[in-house]
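What follows is a structure written as C-alpha cells; I'll ask about it next.
Note that the chains take the letters A, B and C in the order they are written out, and that residue 1 is the start of every chain.
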Amino acid sequence: MGIWLLRRVGQVIPTLLILSILIFGLQQLMPGDPAVILAGEERGDPAVLAQIRAELGLDRPIWQQYLLWMGKVLTGDFGFSWRIRVPVSELILTKLPVTFQLASMAFIIAILIGVPLGILSAVRKDTPSDWAANGAALFGVSTPNFWLGIMMILLFSVELGWLPPSGYVPLFEDPVQSLSTTIMPAFVLGTGVASVLMRHTRAAMLTALSQDYVRTARAKGLKERVVIWKHALRNALIPVVTLGAIEFGRLLAGAVLTEQIFTIPGFGKLIVDAVFNRDYPVVQGVVMATALIFVTLSLLTDLLYMAINPRLRNA
Amino acid sequence: MSASTAPTALPAAESPTRRAIKRFLRHRLAVFGLVVVVLFVAVAILAPLIAPYDPLQTSWSRIRKPPSFDHWMGTDENGRDVLSRVIWGARASMMAGVISVLGALAIGVPLGLLAGLAGGWVDAVISRVADAMLSVPFLILAIALAAFLGPALENAMIAIAVTASPVFVRLSRGMALDAKATDWIEAARALGNPPWRTAFVHVLPNIVPPLLVQASLAIAEAIIAEAALSFLGLGMQPPNPSWGSMLNSSQRFLTQAPWLSIFPGVTIMIVVLAFNLMGDGLRDALDPRADKT
Amino acid sequence: MRTTIKAILAAAAAVIPVLATVAPASAQNLRIGLREDPDILDPTLSRTYVGRIVYMALCDKLFDINERLEVVPQLATGYRWENPTTLIITLREGVRFHDGEVMDAEAVRYSIDRHLTMQGSFRRSEISEVDRVEVVDPRTVRIVLKSPSASFLSALTDRAGMIVSPKAAEALGRNFGTRPVCAGPFRFVERVAQERIVVERFREYWDAANIHFDRVTYLPIPDNTVRLANLQSGAVEFVERMEPDDMKTIQRARNLRAVAVDELGYQGITINIGNGERANTPLGRDARVRQAFELSIDRAAINQVVYEGMYTPTRQPFPPANPFHVRDFPPTQRDVARARALLREAGVTTPLAVEMTVPNNPDLRQVGEVIQSMAAEAGFAVTLRAMEFASSLQAATRGEFQTYLVGWSGRVDPDGNITTFSRTGGGQNDGRYSNPEVDRLLDAARVELDVAKRRDLYAQAVRIAFGQDVGRIYLWHRKNIMAHSARLTGYRPIADGMIRLQGMRLQ
C-alpha cells in the first residue's frame, strides 16, 4: 500500500511536466499575439510591440521561454500576471479559497439532493416518485446555468431583496455575508451536479438491486432497509464515486459561467480572463494548479474504490 | 449480448437480442423516448418541408414579437420565425449532441477498459493523460482548434468529443477495476479460463448502465457546448440556427423577450429527456436478470 | 429521508431572514459597478478604458475637459504657448500628493519624463513630440516640443497629464500600480483583482469642498443584467455602460435615473484594401464596389433593430459633439438600386462573396446578421466569421480578413481618431488604406494650431477618404448609458464616459 501510494505520487511529476509542455504548445497554436493584446489601442506602434516582447521575453524561441519558465517554477516562482503585474502564485492563492468554498457548498448541495433522490427513485422504480425525481434531475441538467442564475438574481435580489445579487465576501471576514453571497451560485452549480449524481445513483442502485446476492439477501428475509443500505448501496457506489470526483474537480477548476454571472472572483473567471487577455503566466499557473487538483482527486477516487471493494487492494 | 439478430430463430428458444427488444418495447416510457428522438431526427431531415418560414428570413417590422397565430413561438431579435429556427436548428444540435457523444464513447470506453483491465503502467499512462486532459481549459483548446480548423460543425464536434472523453475513460476504468476483483473472476481464474476473456464477459454488462446514463446526460452538455464554440468561431456560424446559439443570443433579452430563451430551452429539455428515457429503457432491456422477477 | 429534507428546509427558512439584509450604503459611501476589471493602475503603464474611470478618483491631471470638450485647468491653473513649440504651464498652489509630498514643477517634470522613458510606457506614443521639460520655478514648467502639435494639450487631459508622487514612484518602481500615489480626491486603499478597488477620501485634496464621499468602491460586474440587478437592489449606486435595451427598465423604475451620453468614438467596418492577398477582391480593388456596399446598409434601421434607435448614425470618425465634426457630410441613405447599378458598372458578377469578421460580442453579432441580410438585397453574399476578440485583432493586423466590424473608444483630439486609422503606415490602419492626398491633409492638420483651418483640413480628408474612396465605412457613434440611484445627484455627463466624483453626492 505504501509503495503503491509512493508510486502514485511519483506519477504526478511526469504528468505535470507533460501538461506544461502541452500548454506551452497550445498557447503557440492559439492566435492572438500577447504583445498586441497588451498594447491595446497602442498596438499600431511597432516600437511599443517590440518593447513588450523584449520585456516579457516573447522575442526568444519558444523552448527558451519554456526552460526559463520551468527554471523559475522549480524555485517556486510562477512569474507575474502580464496584465496586472501581480504574482501568479498570489492570484492562485487568493482565488483558490473562493472557488473551494463555492465548490464545496455546491458539492454538499449536490450530494444531499442527488444521492438520496437517486436511491429513492431506484427503490421506488416506476412509481410517481421515481418519475418526479427523474423529471427534476433532467430539468436540472438541461437548464442552462445562466438562465437559472439570472432568474434567481431577479427573484431573490431584485424582487424580494433577500440576497445580494453578486459579489463575494470572504468566509473569515464575515461568515454570514459570505454565505449570503455564495448561496445562489452554489445552488445553481449544485443542482446541475445533483442531477448527474442522481441519475448515476439510480442506475447503479438498479443494477445492484438486481444482483444475485441482493436477491439472496432478500430471500433470506433480511429487512428491505438492511438490504438497500448494506448490500446494494455499497456496490452501487463505484460509478457515483467516479462521477462525483470528476464533477467536484470541475467545480474546483472553476465554474466559468456561474462565476461570471454572480461575479465571484474565482478560478474560472481567472482562467477565462487570462485566456482572453493572453496572460500566459496566469494560464500556465492555473492549469498546473488545476492538474494538481485532478491528479489528487483521481488518487482519492482510487482510494475510495479500495474502501468500497477491499479486493482491489491486491489488484 | 451476442450480435445475432436472427429474427427467424427458433420461436421456442428466443435469442437474447429478441428478448431485450421485447423488454424494451414493454417499457412504455422508453418507447415514448424513442418515438420523440425519432421524431426529432425526422424534423431535422424534413426541416425544409415542415418549417413554416425561411429560418434566415429577417423582417425589421416584426422584431421580438411574442408568440402569435402566425408565429407560434414568436419572432427573434431579427424578426425571424423562432419555430422555423427551432426546426432547422435540430440539424446542428442533434448532430452536435449525438455524434460528438458517440465520438467521446468511441475514444473513452476502449481506453478506460484497457486501463482498468491491464493495470500497471498502461493504467498509469492512460489515467494520467485523462487527468491532464481534464485540466486543460476547454477554452484554450477551443480557441486553438478554431484557429486551425476554422468554422465548421464537424470541427466543433471533434472538440466536444475530445473534451468529453476523459469522463468515459474514468467510468469504464472504474467499472473494469471493480469487476476484475469479483468472485467470478477469481473463480474463473482458478478454473484456468483466460482472465481477459472472463473479465470482458463480466465487465461489459456492468459497464453499460453507467455509460448509458452518462452518454444521455452528455448530450445536453454537447448541445450547449456547440453554441459556446460557435461563439468562439469553431462551430456553426451565424445566421444558421442551432438551439444552443439561439439560447445564447436570447441571453440579452431574458426579461424583455422570454420566449426567445424558453422555446429553445424547452426543446433541449425534451430531447434530453427523451434520450434519458431511452437510455433507461435500454438499461432495463439489457439487464439479463430483469426477466427473472 | 423525508424528515431530513424537512429539517433542511426548516433550517434554511431560519437562516434566510438573517442573510436577508443587503447592507445599506451609508450616505457617504459610493459603490460603482464597472463593466470590466481595470488593468494595472499605473498611469504610465495602463491601457484600458475602464482603468481611466478609476483614475478619476485617484489621479488628477494637468488639464481636464468639460461638457463642450474644451480643455480646462485641473492641476494646472493656466497655459500659454511661448511659440508654436514651447508651452508654459503654471501650476496650482498648495496641492499635495496622497503621501503628503508637494505637487510642484519638479513633480511634473518627473512624471512626464517617467511617461517618456519608463520601460513599457504606453504614454510615450501619446506625447512623443516632447523634446524636454524644464522647471522654470516651483510653480511653472516649460515643455519644449520637437515640432508644433495641435493635439498635445489634449493629451495632457488624459493619463499622460497625470502627475504621480516622485517619492512614491521611485520607491515602488514598476510596482507603483499596486499602490498608486497621486494628487486626486481619493487615495488608494485596496484592490482585489476581479473583485473590487477601494479608495477613501483624501483630506488634503485641493478641491476638497467638492468631494462628498468618504469612500468609493469600484466593483467590476461584467454581466449586464447582473450589473443592473445590483443597481436595482441597491447593492451599488452607479453603473456605467449599460445597453440601450436597459433604458426602458431603468426609466420605469422610480428610484433610478439613466443618462445617455454621446461617446467620443465610433463603430465601423474596416475594409481590407491593401493588406495581403485577402485585399485582392472586387471590394478591395474598386471604390465603386465599396460604395455599393455602403449604400446597401441602412444605418438607421440597424440602429433601430439592435440598439433601440439610441445611437447616432454616422459616416465619419468625429461625433456631432466634437468641434471637428464635419457638418455637411451626413450618412448615406440606403439605395439598393444605385448599389446594384454601381456593381454592374464595376463589372462585378453578383452575388459577390464578402466575408465579415465579427468579434464575439452578442450585439455586434446581431449587427453582422442584419448587415448580412441587408447587403444580400444589393447582391452581396456576406458570410460572418465570429471570432474571439484577441484572435480577431491578430487576424486584422495580419490582413487575414476582408471586412472587420470594429469600434474605437475615441480621443478628444481629432488626430487620435483618424490618423492612425487612415494615414499610410498608420498603426491601426489594418486595411492599409493609402492616399497621398489624405496623408498630406492629415499631416498638415496635425501641426495646424488655428482651429478653423484645422477643421477645414480634416473636412477635406474625411470627404476624400470616406466619401470618395470609402476606405472605411463608419456606422454610428454609440452612447455611454450611465444609470444611477435617484438619491445620487451631481453627476456631470461628459462624452469621455468618465465618472467625475467632484460635486456628486447621495441624498
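Quick note on the criterion: contacts are C-beta pairs under 8 Å (C-beta built on N, C-alpha and C of every residue); 3 or more make two chains touch, one makes a residue touch a chain.
A quick note: this is a predicted structure, and the numbers were derived from the prediction, not measured.
Chemist: Counting one step per pair of touching chains, how far is subunit B from subunit A at the shortest?
Modeler: When the steps are counted carefully, the minimum from subunit A to subunit B is 1.
Chemist: Would you identify the chain whose C-alpha centroid lies closest to the centroid of all protein C-alpha atoms displayed?
Modeler: A
Chemist: More contacting C-beta pairs: B-C or A-C?
Modeler: A-C
Chemist: Based on mean C-alpha positions, I'd like to know which chain lies farthest from subunit B.
Modeler: Of all the other chains, the one whose centre lies farthest from subunit B is C.
Chemist: Find the geometric centre of each of subunit A and subunit B from their Cα atoms only, then give the gap between the two centres in Å, rounded to an integer.
Modeler: From the centre of subunit A to the centre of subunit B is 21 Å.
Chemist: Please report how many Å separate the Cα centroid of subunit A from that of subunit C, as a whole number.
Modeler: That gives a centre separation of 36 Å.
Chemist: Using the average of all C-alpha atoms in each chain as its centre, how far is it in Å between subunit B and subunit C?
Modeler: That pair's centroid distance is 45 Å.
Chemist: Can you list the subunit A residues in contact with two or more other chains?
Modeler: Residues 30-32, 150, 154.
Chemist: Which residues belonging to subunit C are in contact with no fewer than two other chains?
Modeler: 225, 388, 391
Chemist: At which residue positions does subunit B touch at least two other chains?
Modeler: As it turns out, subunit B has residues touching two or more other chains at 143, 147, 251, 254-255.
Chemist: Using the touch rule from the top, collect the residues of subunit C that touch subunit A in their complex.
Modeler: By the definition above, subunit C touches subunit A via 1, 4, 8, 15-16, 18-20, 22-23, 37, 39-40, 45, 47-48, 119-120, 122, 124-125, 174-175, 177-178, 192-196, 219-223, 225-226, 229-230, 232-235, 388-391, 393-395, 397, 408-409, 420, 426-429.
Chemist: Which residues of subunit C touch subunit B in the complex?
Modeler: 224-225, 243, 245, 248-249, 301, 304-306, 358, 360, 362-363, 365-366, 368-370, 372-373, 383-388, 391
Chemist: For subunit B, which residues are in contact with subunit A within the complex?
Modeler: 119, 124, 127-132, 134-137, 139-141, 143-144, 147-148, 166-167, 170-171, 174-175, 177-178, 180-182, 206, 209-210, 212-214, 217, 220, 224, 247, 251, 254-255, 261, 265, 268-269, 272-273, 276, 280, 283-284, 287, 289-290, 293
Chemist: Contact residues on subunit A for subunit C in the complex?
Modeler: Checking each residue of subunit A against subunit C gives 30-33, 36-48, 51-52, 55, 81, 83-86, 91, 94, 112, 116, 120, 150, 153-154, 157-158, 161-168, 176-177, 179-180, 183, 260-263, 265, 269-270, 273, 276-278.
Chemist: What residues on subunit A touch subunit B, complex-wise?
Modeler: Those in contact with subunit B are residues 7, 11, 14-15, 18-19, 22-23, 26-27, 29-32, 134-135, 138-139, 141-144, 146-147, 150, 154, 195-196, 199-200, 202-204, 206-207, 210-212, 238-239, 241-243, 245-246, 249-250, 253, 256, 271-272, 275, 283, 286-287, 290-291, 293-295, 298, 301, 305, 308-309, 311-312, 314-315.
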